[in-house]
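Please find the structures below.
What follows is subunit A paired twice: with subunit B in the first complex and subunit C in the second.
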Partner chain A sequence: MTILAKPWLWSWLAAAAAFALILGLTGGRGAGELAYAALSFGAFAAIVGLGQMLVITLGPGNVDLSIPATMTLAATLALKAMGGEPGTAFAGLAIALGVGAAAGIANYALIFLLRLPPIIATLAASLVYQSLAIWSNRGLRIKPPEGLADFATGRFLGMPNVAWVGLALAIAVWVLLERAVAGRWLLATGQNLRAARLAGVPVELVRACTYVAVAMFAALTGYLLASFSGGAALNMGAEYLLMSIAVVVIGGSSIAGGNSNVPGVWGAALFMFLVVSMLNSYGAGAGARNVLTGAIIIAIVIAASTRRART
Partner chain B sequence: MSDHESRPIVALVDAARHFGPVRALDGVSLAVNPGDCIGLVGHNGAGKSTLVNLINGGFAPTSGTIGFGVGETALAAGVRSVFQELSLCPNLTVAENLRISHTSLSGLNWRRAARAEIRQSLDTIFPGHGIDADAEVDTLSIAQRQMVEIAIGFAPRGSMARLVILDEPTSSLDAGIADQLLTHVGRFCAGGGAVIFISHMLGEVFEVASRIVVLKDGKVVAEGEADDFTRKGLVDAMGHVAPEAGDVAVTAREFGPEILRTGQGLAARKGEIVGLSGLAGHGQAEALAQLYLSQSSAWRADRTARAAFVAGDRQRDGVLPLWSILRNISISVLRQCARGGLVERQAEAGIAENWRRRIGIRTYDVTNPILSLSGGNQQKALFARALASPAPVVIMDDPMRGVDVGTKQDVYAMIRDEAAKGRTFLWYSTETEEVCQCDRVFVFRNDEISAELSGADITEEKILQASFAMQEAS
Partner chain C sequence: MTNSMMLFSAAGLALIAGLAEADTSGKRIALSNNYAGNSWRQAMLETFESTGKQAVADGVVAAADAYTTSENQATEQAAQIQNMILQGYDAIILNAASPTALNGAVKEACDAGVTVVSFDGIVTEPCAWRIAVDFAAMGREEVDYLATRLPDGGNLLEIRGLAGVFVDDEISKGIHEGVAEHSQFDIVGSVHGDWAQDVAQKAVAGILPSLPDIVGVVTQGGDGYGTAQAFRAADRPTPLIVLGNRQDELKWWAEQRDANGYETLSLSIAPGVASLAFWVAQQVLDGEDVAKELTVPFLKITQDTLDEALATTPEGSVANVTYSLEDAQQVIASAR
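Showing the complex of A and B:
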């Protein structure tokens, strides 16, 4: 009863079911490889998903649609600065995170100073970020430094390094939300902004930090993804727009805000990768794959909301 | 009188409602006849709201039966409810809100019919109300919203209201408007209607009720003609030892230096209890919210807040609905029970448990959701939130809405105690009796301070005078 009431359980069950369906098709071969691939690709979705979860927790209307552009811009600038030279990995990381922080501050400035709805503000800003990336990239495809590429594609104790990064961030976010004063402030703000303000919560500080955090999570993902795939590409972030929102919703966080769910994000990230590979292994084309992915997301949102309505 | 008019409008036989292990209502029998005005009293969490929800069909009884004189359902029987938690849609106009519960209004011109009906109802109950039927509800003050809600309850809405349940109807109304309501209730019952009147203001209950039912812990503990009860007997039956309010003679006390003064002229000294009065909706709540916002920042949280706020409109300004009672209480004191940015949960639980006992929040476990509490108990949790914080100034926006008599006395004592220790209170109340306990009173009219009273000048008469004075002059 108590374990069944945990909303994160469902995304993990769904991931396990998708995993089993694929293995059913292959007759059980390649289980290790599949799990490894799911952890590698799932990590990227999980990291952007954690950031998006924090923003969605801020309450209705809060969402960051500039995640793909921020990923691309951060990756492009970082790889350009590193120029493939060895020993520049940390400088590149600092640049990526700096780009993320700047994008987050810019997003929040638009929201706070111009009073734009976050959807409009982040979407408009993302056009600027994407243009900057195009302008600075000019069609170049710069390879990441070798050591960094090795790290991004490497493994430790049998698990991909990027998954370790994603796990560490998940634990950090979980501690923040469950134990830290700042996390309480975030959750209170998401439930009722006015009540939180009148209870002494510095709500604008909370909102600013959250928008900066999501952009930095996106920048880090861009940096890791570019290193993982051998260079930045202008469309590298495209699929992470829907992905970041889907993993939050499937993971069991409330779209209405004030309630977030860290383990669910990871389960949902694995599930999303496994669904796509399942459809691939059943021979579905790109079009059918997109339709089915969309249908699955809708089905899960409906299932999640009816479950909540009953309790 | 035809046959069905002499039958009870609603009759409950041994009706019970349990929520898990909580026996919110534990076997109640009650018949409401045409012409009855039943005063329903009991402390917070006694089961009053649950009883209302059984009668109006909001909950099905766990056991026992509910029968109606006419038809099968509460709706068909003409049972209407006016809730303590206001239930209007804020984004719709007054007339459109009437339409929601008046489903037979249809056709192209339904808005005109709705406007006429709500206007008529408002005019009958609250002559001179000044509410526009086309105003959107969120532009109305909380008192006006309550008036609209009451008017919708009494409106014919295609059939006829036979039983109107009023749950704390006067909690945000000032004395003049409340009197209009009580008069209308008397008229309605004399015309063969029935009313269940729930209130913590015992004076009103005695004024309007023909029969009084006392609930305690989900059971009827006393029932009888209103004339057979005395105020003291009623309080005793409710089971809360309340000290007489009369013995708190306002003694002249020494205050510290003036610690705040607003552009409007609102001022307070250290250790002083400052009251805000006047007719409801004349800018008192806004003045207090502004004062709080100016005393705190949306960007910074000081280790020790300069002010704490107790909301009156608890859904809008106070309760964090997804959280437990514990987290709702501790949100303003997190900085005091944290180390290295992390909340010390032992300390936090200690604070919440301590305040649960001190202020008597009726729950056996503070980790229960805040929404599991009755309205008055939620209000107590908000009190605990503010009093637990070390803020030197406590700002209270009509904080006693829906709080029972016994708890009020406890809270008054707590406030006086804290004031004696040097805390400053700013207290807006729609009840003159509460305002009269203050050391200094500012009376508001049309968003301005029309009088400043202190010491022996604080009387109901002078407050009323100042509330209306300029109106007469103009």
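Showing the complex of A and C:
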């Protein structure tokens, strides 16, 4: 298998091309600044994307549409509980992850007990989560504790802290998928549920854990994003629904499941930020920007999938 | 109906007749709202609820109920309006999902004798009242203010709202008219911030590396704090950012003012415009002659009123005013 056959390559090439086009406009000025911004904002898309990738890997029809609402609910409850008091960052993190775990369990319960298709179950559940978020704090933006805000907007060794978190999670997911039995179970379940069950894979346990994992990834993203941007807002998750699916597909994971691609998710997350920045920098209007973004995404997906088909 | 119930309702009627003097005391008003998912809409709903509750307690109207659709869809809101007609409301106050798609339902309401007052998100159906905001004037005013502060002009960054929404087009149109008038300014970049701090922060962080020095930022509200954060993260000097009355923006402004004398202007529409719509509907029901087209003023916060506004705005919310019956009468009189 040559390097060209790697499906994740295309998202990285596209990200690099968008980066180069912006620098072409500025004459090379602001490269570090742009890379830093891309890593900061790409990290949020990458973390939700990793979660969505795990669910999509479960096979056709598996997707979590409650990601935006879970992000909003986790961030709202965590920031409300912290109330801006110093020293509460870890308590807030525990609350956010707890909300994520509860949302994941609720999603899976709807899918397993009521036999609802995941699309319907997670969409319906997301209305409940969003309403809970509205009801719990009526949309008030509470500031994160100062230490937490400094962490979320800070840097370590020149790279944003949130990007380090995203990188660590990506490595963890990669090791899980490529080196651990649990990851093999997940891939087997996604490739053929019945065959996996007959082979002794605890498929329902795998599915349950995956739905809990995606919700916890979403909750963590909500917590970090709210700390980064100065508070939770009711519509903070809105753009992460399509984003989470787009980064999985652009990253070269199979939408039919059973095949996942961790490096591609990061490349796609950077690309999604850079392509919008590029079109903004070139002064494209909102309409042209949406059309071009859509066209570029389709082109990358075609490039990545034809390469895969040939090998 | 049992005897005791009859007695009870008779007593109730007597009580209402005895206490209330307004002609609208038996009227029921409903709020049809298309969206509740941000702090502005939440403040709007709270203002409507408190105004309505007080009016019911005072016997001005019999009911003031708020309903919000879950999906921000015109079809869903049209069905909601039809339900309100069937439930026998006398007036519907409407913040519409679309200026045109609800016209059929609004016409049905008018034909059924229901007063329809649209505000913020207005409808074009002629039988309804419109409490509109001159969004283009808001955009022009931002540039006029920048011209007084920066007579030498320079490069501006424009933060737009949600693409495809009427309000975004109007404010942007006003800003561009203002820039055409004050030719010392030049808009060198434009991004969509979706009226959300985190989206604005992301969009500005992405375009900043390709921009020359920026002296001022024209915004639409809900995006000023995120813009300031993006400038800070890029180690750029903070330009003059026109703000949009959100509490986090006002707090940031006060901090900057105390630290380095930062001066700016903040303007937006107060969510309390729902209470103005309530009183206008009450006046229409009362038989007042009210013009169909009314205009609501902006809520403007200046350097002098900053501390006052900050003190009265709940943390994490948006600066607000609750309009009274007298305010509504004044707006109605000025439109005659």
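Methods note: the second predicted complex is superposed on the first by the 306 of 311 C-alpha atoms of A that agree within 3 Å, B and C clash if a C-alpha of one lies under 4 Å from a C-alpha of the other, contacts with A are read in each partner's own complex, and residues count from 1 in each chain.
In this section, a contact is a pair of C-beta atoms (placed from the backbone, for glycine too) under 8 Å apart; a residue touches a chain by one contact, two chains touch by 3 or more.
Bear in mind the structure is a predicted one, so any value in this text is a computation, not a measurement.
Enquirer: With everything superposed onto subunit A, say whether subunit B and subunit C fit together or clash.
Expert: Verdict on subunit A: subunit B and subunit C fit.
Enquirer: Applying the document's definition of touch, where does A:Ala286 land relative to subunit B and subunit C: first, second, both, or neither?
Expert: It touches subunit C, and subunit B stays clear.
Enquirer: Please work out whether A:Gly258 is in contact with subunit B alone, subunit C alone, both, or neither, and reply first, second, both or neither.
Expert: In the superposition, A:Gly258 touches subunit B alone.
Enquirer: Based on the superposed arrangement, let me know which partner A:Arg194 touches: subunit B (first), subunit C (second), both, or neither?
Expert: first
Enquirer: Just subunit B (first), just subunit C (second), both, or neither: which does A:Leu205 touch?
Expert: Only subunit B; A:Leu205 stays clear of subunit C.
Enquirer: Quick one: name whichever of subunit B and subunit C touches more residues of subunit A.
Expert: C
Enquirer: Of the two partner chains, subunit B (first) and subunit C (second), which one does A:Gly30 touch, if any: first, second, both, or neither?
Expert: Only subunit C; A:Gly30 stays clear of subunit B.
Enquirer: Rounded to whole Å, what minimum CA distance do you find between subunit B and subunit C in the overlaid structures?
Expert: Least C-alpha distance: 35 Å.
Enquirer: Which stretch or stretches of subunit C touch subunit A in the complex?
Expert: Of all residues in subunit C, those touching subunit A are 36-39, 41-43, 46, 70, 160, 163-164, 189-192, 194, 196-199, 201-203, 205-211, 225-226, 229-230, 233-235, 246-248, 314-317.
Enquirer: Which residues, counting only subunit A, touch subunit C once they are in their complex?
Expert: Checking each residue of subunit A against subunit C gives 22, 25-26, 29-31, 33-34, 36-38, 40-41, 127, 130, 134, 137-143, 153, 225, 228-231, 233-236, 238-239, 273-274, 276-277, 280-281, 283, 286-287, 290.
Enquirer: Touching subunit A in the complex: which residues of subunit B?
Expert: 289, 292-293, 296-301, 305, 308-309, 311, 316-323, 327, 331-332, 334-335, 338, 341-343, 345, 385, 389, 391
Enquirer: Could you list, by residue number, the parts of subunit A that touch subunit B in their complex?
Expert: It is residues 175, 179-182, 184-185, 187-188, 191-192, 194-205, 254, 258-259 of subunit A that touch subunit B.
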